[in-house]
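The data blocks that follow each hold one structure.
In the two assemblies presented below, chain A is common to both, partnered first by chain B and then by chain C.
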Partner chain A sequence: MAEIPFPLPDLGEGLIEATVLEWLVGEGDQVERNQPLVEVETTKSALELPSPQSGKVLKLHGAPGDVIKVGEPLIVFEVPDDTAGIVGTVPSEEAPKRRVRLSANLDDD
Partner chain B sequence: MPETMTAPEPVMDTQPKAQELSLQGALNLALDEILAEDPKALVLGEDVGTLGGVFRVTSGLAAKHGAERVFDTPLAESGILGMSIGLAMAGFHPIPEVQFDGFAYPAVNQIVCQLGRMNYRSRGTLPMPVTLRVPSFGGIRAPEHHGESLEALFAHVPGLKVVSPSDPQQGYSLLKAAARMPDPVIFMEPKSRYWQKGLVTSTESPADVSGARIARPGKHLTLVAWGAMVSRCIQVAELAAEDGIDIEVLDLRWLKPIDAEALATSVGKTRRAVVVHEAPRTSGLGAEVAQIIIERCFGTLKAPVERVTGFDVPYPSGDLEDEYIPNIDRILFGIQRVLEYKRG
Partner chain C sequence: MGRHAGSPVHHTVEGTDPGLNVQTHEPESPAPLPPVLLIHGFASSVALNWEQSGWIPALLDAGRRVIAVDLPGHGLSAAPEDVDSYSPSRIRADLLQIAFDEGARPLDPARPESGLDVIGYSLGSRLAWEFGATQPALVRRLVLGGPSSRDPLAEFDLAAAQRFLADGTPIDDESTANLVAMALASPNSDMYALLSLVEAIKEEPFDAAEAVPQQPILIVAGEKDERAAGLEALHSLVPSAQLMLIPGRNHVNAVTARAFKQAAIEFLS
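This part shows the complex of A and B:
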């Protein structure tokens, strides 16, 4: 297993820190990509941060009310070694589905 | 020891070893063996060293073979290729990685103007034994520049070989074969198949992986594909069997040079052909494949060669790629058009 830290990203507009309002996931939770992780408040607004990847939440940094600076650790994920660092989504293997049927006269083959 | 028990048979090192591996693992094994067997081999690219590659293909190689032989480069693809060309001139056998297909564009000048021509320009005194690994094609819903189908671009460049494995065994065998070649090889890894597992037999002497391979034998129609489309075409062939249509799937493997004999043999037997690729249709490799088939099999073809391809648009990102990449129904439609063709 690999540990992938996710620091507080640059939230734009020159903001350098954010206050944790509420964690929307807990340590040990399995999260999906784009799932909301945490609600934070900046001097501009409150916003939800989506997860950059899927994985198991290993550690949360900061309790509600704590101030975290951009670039400081926010959350640590644990992911299987063969999926760590992936851009995009691991394709799921589904049973093939079809709508088109074939018909042919193969008598002269 | 009771008499009925027999001593375990000694393990023979020379025996081929079969193990279940993902395509990632099979490529990792091949690179590990190449580095062990060839002291001139080097692995370089963005994040291939400490991180082990974004797809884990180079995982553990730097720790095992040393940071001088497996090393990270700056985020500059032109530099990665320029460095590889210089290393090849100095006698090394570089295996550079461009992290994603869409990042190959900044390196095209080095690939086209130097890598492909150095052997020709130097009258054979500066061969370019460079194997450029490129995680390729779509299927992982990645953002722009992370899913492209560049085979036609590279196949058009004189001096380059182009190859794409379709499963773990092909990945292992083709990468080992490519690394032994004196020519530059563009090695297009189907990133949507990285996690697919399969039995991989590793051998000391390289397997014969020249030319195409029949991935599934059949008699009524030949589906020609490469990379990630091979497994989809095998799925289609299994579905077509439910309708009584017996389809042969030809895994082209080498996209430059193309195995014209294998195409002629297969289509000469089935008399019908559909070529499937993810890349845009216009000037895609499907046109080349179709023309080779026409040159060899014109008299026996029962219908024009059909192409099922991506569209003439930039490779779409995210969920839109489901509408772009040939799916099972689009391939079945293509097959049906060939099956019902009537000479007018």
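This part shows the complex of A and C:
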């Protein structure tokens, strides 16, 4: 078995930290990819973080009310050795998040 | 997950295109239930209020078809210059057209997928309340999150906000100062569009007693939501409504609460 830590991801908008509101999984739980892991709150909004991978939850960092900085450990997963090496190199199944951009059509004026 | 921005069918309401961003999400295993319309709050958006907060995945997992709309001047919707585009009555007319274009049909006892369930948060709850009251033939059930019986936006000191934005003059009124701070903190918010919305709301302030929805209603708020003080006044108008307070949560962070989502999904099933 291998341990894979998952740090608090960059939440954009120049945010540097988030406060844990509530854990939605517990240590020892088997979680699936995209399963909601935790609710956190930033200075701008509250959000739910989905799991980046499947695996067994080994350790949770931070109790409700604790502040975690971006890049600091949030959760540690335990995965079988044969999958540990390739995590992070497998292409994501998900299409990139769609961004809609409105562009002016100058010919229409 | 089926998803698109903008409706394939394009209708104008009262002759102008509101340019609202519409997202529909299709569940993998659809339940025999009506679609769910999501209406976000002031200075929020579909992305903040419903996507990042985990509502859309939770509703899809429950087999619900989701219709989510960015209010004018919010999210990916257009920010028209005329104040009329932001009036609550105009927004309700646009939402009705969007719901119809996205396949919602009047309630028919023989068809379990007919009708429309509506979930609103904050300002979205006010719009949902009025939408339910004025569309009894379409709306089946309502979930009102973080609602107010008074209208904090109607009491907004617009002149003070404009002075603050122009030269930094401090805002005396606490509620106005809080709303401006919230709007400034909101990513990519268009402050001038938000002030147009406030201006339009001041012309049509919320009067909950004026039209009371007859549908089954679930009211949810954070226990520490300072606006929830008016919940009793709202509840007295709809005594049969279910009331749920989420321990330890406030107006901002009640949105993500698992207990809120679970209660709403159960109530709408």
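What we mean here is this: the second predicted complex is superposed on the first by the 84 of 109 C-alpha atoms of A that agree within 3 Å, B and C clash if a C-alpha of one lies under 4 Å from a C-alpha of the other, contacts with A are read in each partner's own complex, and residues count from 1 in each chain.
Note that contacts are C-beta pairs under 8 Å (C-beta built on N, C-alpha and C of every residue); 3 or more make two chains touch, one makes a residue touch a chain.
Model, not experiment: these values are computed from the prediction.
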| item | value |
| --- | --- |
| Contacts of A:D81 with chain B and chain C, given as first, second, both or neither | first |
| Partner chain(s) touched by A:A63 [first = chain B, second = chain C, both, neither] | neither |
| Touching partner for A:E22 - first (chain B), second (chain C), both, neither | second |
| First, second, both or neither for A:A46, with chain B first and chain C second | second |
| Contact residues common to both interfaces of chain A (with chain B and with chain C) | 98, 100, 102 |
| Residue numbers on chain A that touch chain B, as the complex places them | 81-91, 93, 96-104, 106, 109 |
| Chain B to chain A touching residues, read off their complex | 22, 24-25, 47, 51, 53-56, 59, 100, 139-143, 146-147, 191-192, 195-196, 219-220, 235-236, 238-240, 243-245, 271, 328-329, 332-333, 335-336, 339-340 |
| Chain A partner contacts - residues on chain C that touch it in the complex | 3, 5-6, 21, 44, 48, 52-54, 57-58, 76, 78, 185-187, 249, 252-253, 255-258 |
| Touching residues on chain A, where the partner in the complex is chain C | 12-13, 21-22, 24, 34, 36, 39, 41, 43-48, 50, 98, 100, 102 |
